[in-house]
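Here come two complexes built around chain A, the first alongside chain B, the second alongside chain C.
Moving on, here comes the complex of A and B:
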């Protein structure tokens, strides 16, 4: 763990930490009411835990782990729909590995596979398309999920399928979109956020403009952040600095990857293939208006939702599960009644326990490890 | 799944479908490069580019130094190995 050690003992991290502490002192924050910054992206959640970043920050700053781990917010009904497709005769159902263990109301995709369904893990939607070409007598379905980071990949795959007329391929589209989601967080009465770490890889696609309403209409700062530990600390510094200066802006710490205008080719593919749904159901958060996309009518023959009869049932999370409260920052993962008891990474009840980008799994794996820190001069 | 991993474009394999061979940490794999192609230049211009690869698609250009640093960190965290494993599993899924 050369890099991790270097980072933990490194000069730079300690210097930033010191500067953050000074700024926080200037603000005169009450320890009982710490500043709350939401990291929207699961990649950040992962880095924060992996490097024990909270320990570099004064007690007056708290990370709220947002909804940005796409597998964590998949409702159980969607997993049931996937299994319903996979159970049909002649279907090869393909998905990213992350989705395999998310619990549905009866079982996960992994369990369905063990029971004999032809479910295969693929690295890329392009591999699913190749599989369709290799198996012309089968229906190959790809389960598309994720925010704008993965959306271009499935959009380009659908375009390619159309171009080559691979008609035994379809996409079960469960992509979600970031802006309406952040807006819903801001509108939620439970939430009292002081700023956002913007999701670097989503921003690489959509650019920085779409976030401007957050600063303008909600008076909250947002800093687009990279994923290395120093990136995150620096972004926190930039957020606190804005508060000290009484500014509210969209800033870009991750300039080396995030162009202001986003990625044109990717945005064109998204606009060509998808359209907004009226609403999308989230695990733990309920329904959020315009937060999901579906396939446009012109590509309807590649839409698994139209090709197959789906149960499309709304299934409530188990009563004791408090995933919604964790995602909105109302409670910490370990405060959930099931945390580490009936809900563990081996036997997840909520999806936040499945992926290491989920707040509960990250907390379970790394949150309890005591990390010796060099004197930060706090 | 959302993790991007740096790789280098070494050969254009299918200009029409914008596919290229990208080397990711010693492993070669076919990747779609539509999102990093410069429309003003012939596609061969991309050879040698370092790119961030997400689920089989090059999503953005990065500089070589950045790529090396990111790779070193991801390797140490075991995340490069994870992505390579996913690629391998995918090959198995294709040859079943």
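Moving on, here comes the complex of A and C:
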């Protein structure tokens, strides 16, 4: 398949791997203290496990799976709010498929659907708007989640609803924004990262400039990376090369999609529809200042938070799940006490086990060739 | 009259008519429906007035064992590129019988119709059933029709049960799987799943992919006639190849090592999977089987299958191994191995 197979060429992967190994040798890294690169985006996490990329890299390089799986970081309270909306009479609640299995404090959206709520999976927020137009006697609510990647399409949908005066449509906005999140990780005292693989799809929207503070103020290199296995390996090579050259820059490996300035139309829609929240609660990470957005007052009639009375309960993460430590790279997924035992993709306890882009679920699905079944509680 | 001619005639005759609760009441309306429509397509000729049961003569198959299976069909939409629920209702049950090595003979047909169903829809479905039954050389010998109130079922559900006969010396079962055996499939994977996804129309997705729905009894019997010793065999339906192979690995305490580069998957199917974040290994099929055959017979089996209309793109896709007990592992094109696990729930598309 064109434009895909070229980026999955195993031969070339071996060659890049060899070059990376040579560079690492030049650096003279202590194996006990390997280089730690964080892939911010869940899409990268998925590719890393799916293609077994760790097998291509020397022991001196370690991936730390960052917070960039928007489904995984949804707090339980938000799912409870979704269910509270869905349980109201006359509501059609619409969501992306991924969010269906995320556990709330009592149940998931999938369970609420089975109990009789009208919850529908859509592939685009515009489908939800179409549904609203077809069902004028129902309230159609779209559950907006994700980073800057999905933000523009939801923003455009709100603009479209306003333009067409579709007043039985509203957005439950739980979008999150990447830069404050990365900054919070950099400010965390446990942090000892050596570089970042930048989230390619988010960067397609915001461009590469917003990352420059990472190199300038925190002296960490960042390479914006594509999602195919060769993209990721090349990006790792570029990070190590910066370390060898004693450079610290923001570089762009994903030039075929990411312009330096981002996508102007998308950014305008984002600026028109959203404003920053004071803080936003993340599952596993706690509250991060300015990391979420809400709908601007001028679109308030499309804001589900204002349209519906929501419980807005803060639900603590389950004590035993060590999601926070996995996300910050303190432990690896299989080192969590619950991994593969009580926490599996069938019955996720921690958020990282929910979506296939979550580090734990990806590890569970693809990364277990060497782990005996007995150790997985099977 | 051919099936197509009967269909045309009935479509004209019943043009705009719909099914009502009276058609399930056991009275005249029901009798008319059965006589004029259902029996026009299904049933055995010249068996006299209908009784409450079919009596089957198996005297041509002395010493055979009888195999039996049942399946219900609730697919939506009822028609999709390349096939429809009527074809599925026959081939699905025929295939479940066939992969034991049995010769499928007789099927039942239970119809649950929603009040208000257009006659046209029912006629199309019955014609498809007749077509597949003819193709698979089986007879529908008994049936039942119920009509439920509007909203109590989604247009039309079908249950078919089937029986077949199995020669005494045939033993195709999971515990026969041996290390070294080859994993063979009879053609491209995932066509049915993609055809259904596209036909549902929720994705604004246009493809030229058709469902692979086909009966497999003839293909299996051809292999047996050539004395190919088959260790295990399944039809690959919901859950895809990954699910069947996981059941093989767990049931035989061996491992399955797949070779990604050998998997026959159309580019168009791969493309849809890339866009939606699906894995073709879990996509549904309706005319595919996976068979486990000792290494020394594998090449011959592939050759026989490839020459058959129902197996043109047959190939070896992997091997049974001693390592990875109870698991399916895939050697990827890219290098490295990954676990191919059982699916958890439905495959849900990723958001970004």
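Assume the second predicted complex is superposed on the first by the 360 of 378 C-alpha atoms of A that agree within 3 Å, B and C clash if a C-alpha of one lies under 4 Å from a C-alpha of the other, contacts with A are read in each partner's own complex, and residues count from 1 in each chain.
By our rule, a contact is a pair of C-beta atoms (placed from the backbone, for glycine too) under 8 Å apart; a residue touches a chain by one contact, two chains touch by 3 or more.
It should be emphasised that the depicted structure is a prediction, and the values quoted were computed from it without experimental measurement.
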Point to revise | chain B versus chain C as contact partner of A:10, first or second or both or neither | key: second
Exercise for review: Could you tell me if A:257 is touching chain B, chain C, both of them or neither one (first, second, both, neither)?
Suggested key: first
Review point. Looking at the overlay, does A:87 come into contact with chain B only (first), chain C only (second), both, or neither?
Key: neither
Exercise for review: For A:357, decide between first (touching chain B), second (touching chain C), both and neither.
Suggested key: both
Check your understanding: Looking at the overlay, does A:325 come into contact with chain B only (first), chain C only (second), both, or neither?
Key -> neither
Exercise for review: Kindly classify A:205 by the partners it touches after superposition: chain B alone (first), chain C alone (second), both, or neither?
Suggested key: first
Exercise for review: In the overlay, answer first, second, both or neither for which of chain B and chain C A:249 touches.
Suggested key: neither
Practice item. Mind working out whether A:55 is in touch with chain B, chain C, both or neither, as first, second, both or neither? Key: second
Study note, to complete from the structure: Check: chain A residues flagged as touching chain B and also chain C 1, 4, 43, 50, 70-71, 96-98, 121-123, 127, 146-147, 149-150, 201, 357
Review point. Which of the residues in chain A end up touching chain B in this complex?
Key: 1-4, 41-43, 50, 70-71, 94, 96-98, 120-127, 130-131, 134, 146-147, 149-150, 152-153, 156, 160, 201, 204-205, 228, 256-257, 263, 265-266, 269, 357
Check your understanding: Given the complex with chain C, which residues does chain A contribute to the contact?
Key -> 1, 4, 8-10, 13-14, 43, 49-53, 55-56, 70-71, 96-101, 110, 121-123, 127, 145-147, 149-150, 201, 229, 345-346, 355-357, 364-369, 373, 378
Exercise for review: In the complex, go through chain C and note every residue touching chain A.
Suggested key: 202-203, 267, 270-271, 274, 277, 324-327, 329, 332-339, 341, 344-345, 348-352
Revision key, fill the gap. So, in the complex, the side of chain B touching chain A is made of residues 1-4, 17, 30, 32, 34-37, 52, 54-57, 59-60, 62-63, 66, 69-70, 72-73, 76-77, 83, 86-87, 89-90, 93-94, 96
